[in-house]
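Next come two complexes, and both contain subunit A; in the first it sits with subunit B, in the second with subunit C.
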Partner chain A sequence: MNTTAQTPLWEVFIRPRNGLAHRHCGSLHAADATLALQAARDVYTRREEGNSIWVIPSSQIVASDPQDKEALFDPAGDKIYRHPTFYDIPDDVGHM
Partner chain B sequence: MANEALVTQLIRLADDHLILGHRLSEWCGHAPMLEEDLAMPNIALDLLGQARALYTYAGAVENKGRDEDAIAYNRIEREYTNLLLCERANGDFAHTMLRQLFFSLFMHNFWQAALSSSDETVAAIAGKAVKESDYHVRHTAQWVIRLGDGTEESAERTAQALRQLTPYLKELFEADDIALLCTDEKWLPNPAVLEAAWKDEVTQIFNQAKLLLPDYELGQSGGRQGRHTESMGYLLTELQFMQRSYPNMQW
Partner chain C sequence: MYSQGLNDKNLETAETPEFLAAFQARIDADEKIEPNDPMPEAYRKTLIRQIGQHAHSEIVGMLPEANWITRAPTLRRKTALLAKVQDEGGHGLYLYSAAETLGVSREQMTEELLSGKAKYSSIFNYPTVSWADMGAIGWLVDGAAIMNQVPLCRCSYGPYARAMIRVCKEESFHQRQGYELMISLCMGAPAQKDMAQDALNRWWWPSLMMFGPPDGDSLHSDQSAAWKIKRFTNDELRQKFIDATVKQAEHLGLTVPDPDLVWNEAKNNGNGGYDFGEIDWNDFWKVVKGHGPMNKDRIAARTRAWEEGAWVREAALAYAEKQKHHTAQQAQG
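So, the complex of A and B:
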């Protein structure tokens, strides 16, 4: 039971309230999807954290390579015009 | 007289939950995996919460000034009236899960029937407990199915747990005059009436778990009269330690 081959890793996503998106909150080990869902309920919703749970096998997640960090993310560093901070908002609009 | 019967029956029910909750809590820090180390105490806390509600109400109906702690902690072994099933030592994980499945399936049906109790407090306790026991059944059934239809070792351990627990099943459905009085008043469900549904549900789960429910007619009895197995004394020693050492302590 303790070998990770029998109980692979799952990523857990919890939706805190209706209307909000599921958010990644942690991971756990479980033998299959049903037990993973139950374990997520027992581990991550003990203090009313949410009303919906997703579990996804960690092996199914495709992640970017940390070594690609510079190529992927640094080019965005000097494109400040992509932030919508250059518009004059009329006072009457109030908070946007 | 009728009120006395209700108090007795409420305390029996509360004792089941306190004692089994205590047993489950013994797994805390010792479960086979971290996820179960949270799942079992979660169930234990649900059982303890149900026990508290029942003890408190029993004390109120009795009207002799006993609160939940006084009833829960200040009795001698022969005054505890829980099912023998609930006091059985944990054994291995398969034994714990199967014991919990048997009890939770019974209680789920019991609470469902108690929703229509003529006693408002009982109906309210049932309203909360029925959701909790629903999850207890789901969780333990999934484990029993996987253990029974799992590896050679898990199947053997589950089969052994079933052999060990079988003598304690019949007591679940015992209904003496006190229980029947509470049934007549529509305060609490009749345990005997719940047996057929329980058996059906166990059989359905066992079909998936590749287990066979044996004939359990010849069973152990005596818990409701305070006649316990050897392990009960050890359990109470630990359960009562704080109240015996520091009477009336609070925290």
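So, the complex of A and C:
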């Protein structure tokens, strides 16, 4: 079989419409940024899914390790005083 | 996503009974499993095999219909067929990406398809001999695929489930355009209706085989059900498909080619369902093992596409490399 160097992987983010953030919708392989944008348009916007595309080389994304999940996120678990419902306000004060 | 990171990582997990029990507990609690989460090796392998097969099926599935694009009888039908085949290419790409999150490379999957190591749905090893086949494929083959795929939207593996949601949203048009095409033929001249009946005769049984072997003979079913990769058994989905499709055939005025097909009140817990004739599993296994009418052609077509596209991949990479140098030099100068 004819093997070539692996074509880099890109992550694709689409903004469905103005007013919304770009959202991750998938990934694809492309040799460079121009081809990645064109491929993203063909693969992920065949039905008017958006009006703006970001493509980012997957190798550039720094991700947290799932093994660190507890260390990173558990400390927030017992801080219920960060939520509005932790505080009692009498009903007759009305909406606050 | 994450696959490049994963390639450097040691994927071996220590599969102690505690580890396996904890994993099963996550599945039982309907938690989704995401790419870098610890998972049993067999879960990873099962998914790589299943998602890979699914992706290959989409890609090979472009061929039988591409056969008719240039001969579509009207512009309306041609645009629909082009859009459908393009969707199938897209679906293959979503699925390859999902499989890659498990640490397999696109090149490796392509190699396995071309060498015959990886399978794809046996339905695509039948020829498309008449225009009516475009109707029958959309109606029956995509109909059966949708029946299979809708439960996969709730699969325990996140990237696969997300890819399937996209696929299912897009695929509804595939089935509807096929059925509409069948309606046109059935309302046409007697010769056109005969063509539609002939297509139904040829595609009916292979479509029923798309759900896989009977539950008793299915190799992977039990474990896949426990891991919530598979939500219904092959036989359950096949029954559902038959019950939904027979009415549609009646509406067309066509005859389902099964003399044993009969309504059975007692089936499906008293809700009724069809009893149907014996499926020729020897034929199914023959096609799976590579002896269907079109197996050789399909792989030859994919091999040709891969080899003839090599210079494009090489040129694009070489150009990207050159541009990088260029930019670096300009920055220095």
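Convention: the second predicted complex is superposed on the first by the 79 of 96 C-alpha atoms of A that agree within 3 Å, B and C clash if a C-alpha of one lies under 4 Å from a C-alpha of the other, contacts with A are read in each partner's own complex, and residues count from 1 in each chain.
Operating definition for what follows: a residue touches a chain if its C-beta (ideal position, glycine included) is under 8 Å from a C-beta of that chain, and two chains touch if they have at least 3 such contacts.
Bear in mind the structure is a predicted one, so any value in this text is a computation, not a measurement.
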Q: Give one of first, second, both or neither to describe whether A:V55 is in contact with subunit B, with subunit C, with both, or with none.
A: neither
Q) Is A:L28 touching the first partner subunit B, the second partner subunit C, both, or neither of them? A) both
Q.
Contact-wise, after the overlay, does A:R47 reach subunit B, subunit C, both or neither (first, second, both, neither)?
A. second
Q.
Tell me the contact category for A:I14 with respect to subunit B and subunit C: first, second, both or neither.
A. neither
(Q) On the A-aligned overlay, A:Q38 touches which partner chain: subunit B = first, subunit C = second, or both, or neither? (A) first
Q. Which residues of subunit A are in contact with subunit B in one complex and with subunit C in the other?
A. 1-2, 7, 28-32, 35, 42-43, 46
Q.
Under the stated contact criterion, what part of subunit A meets subunit B in this complex?
A. 1-2, 7, 28-32, 34-35, 38-39, 41-43, 46
Q: Would you pull the subunit A residues touching subunit C in the complex into a rising list?
A: 1-7, 9, 11, 24, 26-32, 35, 42-43, 46-47, 58-59, 61, 63, 65-67
Q: Would you pull the subunit B residues touching subunit A in the complex into a rising list?
A: 32-36, 38-39, 42, 135, 138-139, 142-143, 146
Q. In the complex of these two chains, what residues of subunit C are touching subunit A?
A. 1-5, 34, 36-38, 83, 86-87, 90, 93-94, 97, 100, 105-107, 111, 114-115, 163, 166, 170, 306-307, 310, 313-314, 316-317, 319-320, 323
